[in-house]
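Which chain is which? They are A, B, C and D, in the order written, and residues in each are numbered from 1.
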Amino acid sequence: MSDTFAIGGKNLTSRLFLGTGKFASNKLIPEVVRSSGSQVITVALRRVNPDQPEENIVSYIPQDCILMPNTSGARNAGEAIRIAQLARAAGCGDWIKIEVVSDHRYLLPDNMETIKATEVLAAEGFVVLPYMCPDLMAAKKLVEAGAAAVMPLGAPIGTNRGLKMKELIGILIEEISVPIIVDAGIGRPSEAAEAMEMGAAAVLVNTAVATADDPIAMAKAFGLAVEAGRLAYLAGPGTVRDYASASSPLTGFLHE
Amino acid sequence: MSDTFAIGGKNLTSRLFLGTGKFASNKLIPEVVRSSGSQVITVALRRVNPDQPEENIVSYIPQDCILMPNTSGARNAGEAIRIAQLARAAGCGDWIKIEVVSDHRYLLPDNMETIKATEVLAAEGFVVLPYMCPDLMAAKKLVEAGAAAVMPLGAPIGTNRGLKMKELIGILIEEISVPIIVDAGIGRPSEAAEAMEMGAAAVLVNTAVATADDPIAMAKAFGLAVEAGRLAYLAGPGTVRDYASASSPLTGFLHE
Amino acid sequence: MSDTFAIGGKNLTSRLFLGTGKFASNKLIPEVVRSSGSQVITVALRRVNPDQPEENIVSYIPQDCILMPNTSGARNAGEAIRIAQLARAAGCGDWIKIEVVSDHRYLLPDNMETIKATEVLAAEGFVVLPYMCPDLMAAKKLVEAGAAAVMPLGAPIGTNRGLKMKELIGILIEEISVPIIVDAGIGRPSEAAEAMEMGAAAVLVNTAVATADDPIAMAKAFGLAVEAGRLAYLAGPGTVRDYASASSPLTGFLHE
Amino acid sequence: MSDTFAIGGKNLTSRLFLGTGKFASNKLIPEVVRSSGSQVITVALRRVNPDQPEENIVSYIPQDCILMPNTSGARNAGEAIRIAQLARAAGCGDWIKIEVVSDHRYLLPDNMETIKATEVLAAEGFVVLPYMCPDLMAAKKLVEAGAAAVMPLGAPIGTNRGLKMKELIGILIEEISVPIIVDAGIGRPSEAAEAMEMGAAAVLVNTAVATADDPIAMAKAFGLAVEAGRLAYLAGPGTVRDYASASSPLTGFLHE
């Protein structure tokens, strides 16, 4: 069975996307990526520096991965658009993860500005993956604006709080036609597996891996969990019941 | 890194135990077992029938697996002891999973009778793995009685309801010295992963695999999830925080 | 202790708002309102019919209550504005609950259209209470647009599913300066109490009361629960702890 | 409607039981009791001191309340029995709340020892209310032993963690014939209301009230919440649904 999904014309086999912030050292990144099995890696454009290979985050990303620069630092649509254009000019390719944030405590995305930026960038030929608060109507507008996928947060970024938006994410999965990629807040592999069991197309993880005592092992754990959750989704889970039902025959064994 | 754990003198590498009830056909069992990677397989003694290989559940279990007969059908300690002795006499080995159930709606175990049976069977040289309601003081008594592991339920058997006893299971993991194996109620791989992340030694699954549309794929999903959860536990997960924390640099990019 | 809160220049003592849809008979409404203690009652403008008192929902609302007509049926800002203006012309006063819904399965509000309608109606002197998906940035824009309160949903309307948006509502309560009134989805008094304990200013309930076997008793239950939750919020709850702490002296009683 | 329940031949109208440990001063107790509306008050026998009225906890309990001394400090059945007998001899009456605890971190009860003590004390004519870990089979044995009610913990005592044992408590409510009184761990009025909505007969609270900034207000909040939850249980709550259902008419208003 081949279970791939396509974004921006690329067929992906791994459903775990990886962020590169917060690692103790960039030198960890290649092995973390390999250990995770990820094919799509996000980087903040600010950390892309073609002139200084040692500090250039891109130098640490395996060449067969798809680079997904993000617009972190953008506070409105205009800034996000500008960063996306700079990223393409810097050779980072056509994929862009839009992050527009002006809230400083929870770092929650601004859906309205994100929709505006999506519309402009999709028209310019970018493969646009917007980070968003899982509001169904905003997700519909993102799709209309040309988003290649929709990336709702599971919980505020960097919190490791898990799938707190389960109710709304489940609705997006049911109602939205493009892939739903859960991004931000996922803190444990079990939570990534649960998102996949719900029918998410993929999961993006960063803090949970970067802040683990052993990031390489944790990356592997997330890779396995995402695969487990996807397999379970495809395998058609059994019904959840209120009352017990014996796995083994219960009656009469010694009494026949 | 070799991460094994020992029960009854056997070193186990897989932390997924598998039950064999409820499968549409016994013929599925060998491939389900292989797909799951399980090394310990539980069977109801009633289904062990050395005289009729076709109907003998044991015929379907790969020979390198450890057989763990269970006492399902026992309503008190005496019946459980009797079934255990019959199992050993039938060549099923020394491992015995004690199930004593007289509640017909929720099939909840009788901890007091289970403690009595554990005491007798441990003294007779059995490797005793009691299924129990996750009451800390009962778990302590099981250990004193000679249990090789303690098997608290996650939810009533066959319900696929998940880790409903999380609070009590977490306490057992913290306070009990023998391995804690979560048994019954686990319905999704994400739930098995969560039990492992909490520090469970292993998870036993049956209904969730047997009632999936594709039991072989579901068995593989559980195997991966258990491995993911265990890896995450060992990798030392990061802190869960109330407030957001940027993965990517947020300030100043366009404004320096 | 007098614990009131003000909206649109009115001081309110009850923090339970009540909806009037779905009741088996309009004749129940006066007693339900009295039993609940509510001072603010919402009605769909469509059900306001000054020419036919028997069918006019307003006839059934005690005169000392504040009428809060809602724009249900509006699919965009323009329609919501139109309905609000009709409501004022029909003598329903200045309060308007904005509902803009074009999603037919989950009936989730359209935050962007709601912001537009809020801006126009606030400028026209309405006391605007927008129903919204609890997205922090949208809530901030609603406040900027002149909303007198913000009404995030607890769960999709009519589901009785409870406080599923707890994570996002908690953030609104912390970050938004106008009163937060949880609207939609609340199915049990305990959930209303929890919203109040979190610091919500009020709760709006309709389906949970109207679909109870005994709506009058259920209205009373919600009134008590909202009061309980508010009192608890003001009373300063104790810390939640991981480990036990004896209420009664534990040691030495028989052993001194 | 008169909604009373009987324990030990007494008809009770209030379903909130109150503990008296941990208050900053005993002098708070009379007003806390009045504010809560409680009719049953538990005290540790150790704090009963007929010779010194100032230090005698009983002096602070309104005379129309039922005194329920508890056996806190008992580590086994024998000690619990001894304390119960001393309590009766000291004039505390026939009610006895059995607490047998030998676990020092979670203060979890020992169900087996509790069953033994219940059997002896019920035979001696006590009205026995055992504190227990919510294991169904243990609850059945407590009833057989003569318990007048069963008091499962919601969470470890003193933690304010809430209704963590919801799954098991729900089963007790369904399967056990004597009143189920949720005791320990309840930290918020909403949690008390939820226990009552599930069908609990009553709730016992201590730490949540005693550790609030304003214990008198918190006692009142719990009294209201328990009444709200009970009323809701009796009022027959509506169905919880997956999909939305409009409270107000949605279609056609401006489009007829």
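Rule of thumb we're sticking to: a contact is a pair of C-beta atoms (placed from the backbone, for glycine too) under 8 Å apart; a residue touches a chain by one contact, two chains touch by 3 or more.
In UniProt terms the chains read A, B, C, D = Thiazole synthase.
Only a predicted model underlies this, so the values are computations on that prediction, with no experimental measurement involved.
K.L.:
Please identify each chain that touches chain C (Thiazole synthase) as well as chain D (Thiazole synthase).
P.N.:
none
K.L.:
Since chain A (Thiazole synthase) and chain B (Thiazole synthase) are copies that touch, just let me know if over half of their interface numbering is common to both, same, or not, different.
P.N.:
Same, since over half the interface numbering is common to both chains.
K.L.:
Which chain is most remote from chain C (Thiazole synthase) in terms of Cα centres?
P.N.:
B
K.L.:
I need the rotation angle between the copies chain B (Thiazole synthase) and chain D (Thiazole synthase) from a CA superposition, between 0 and 180°, in steps of 5.
P.N.:
Copies differ by a rotation of 180 degrees.
K.L.:
Using the average of all C-alpha atoms in each chain as its centre, how far is it in Å between chain B (Thiazole synthase) and chain D (Thiazole synthase)?
P.N.:
34
K.L.:
Let me have the rounded angstrom distance from the C-alpha centre of chain B (Thiazole synthase) over to the C-alpha centre of chain C (Thiazole synthase), please.
P.N.:
Chain centroid spacing, chain B (Thiazole synthase) to chain C (Thiazole synthase), equals 46 Å.
K.L.:
Just give me the whole-number Å value for how far the CA centre of chain A (Thiazole synthase) lies from that of chain B (Thiazole synthase).
P.N.:
Inter-chain centre distance comes to 32 Å.
K.L.:
Mind pulling the residue numbers of chain A (Thiazole synthase) that touch at least two other chains?
P.N.:
105-106, 108, 156, 161
K.L.:
Considering only which chains touch which, label the overall pattern as line, ring, star, complete or other.
P.N.:
Topology of touching chains reads as a ring, each chain with two neighbours.
K.L.:
Please give all chain pairs that are in touch with each other.
P.N.:
A-B, A-C, B-D, C-D
K.L.:
Spell out the part of chain B (Thiazole synthase) that touches chain A (Thiazole synthase) in their complex, as residue ranges.
P.N.:
Going through chain B (Thiazole synthase), the ones touching chain A (Thiazole synthase) are 19, 21-22, 42-47, 70, 72-74, 79, 82-83, 99, 101, 105-108, 156-162, 184, 187-191, 193-194, 197, 206-208, 210-215, 217-218, 220-225, 227-229, 231-232, 234-254.
K.L.:
Note which residues of chain B (Thiazole synthase) are touching chain D (Thiazole synthase) in the complex, please.
P.N.:
Touch list, chain B (Thiazole synthase) to chain D (Thiazole synthase): 102-103, 105-106, 108-112, 115, 133, 135-138, 140-141, 155-156, 161, 164-168, 171, 174-175.
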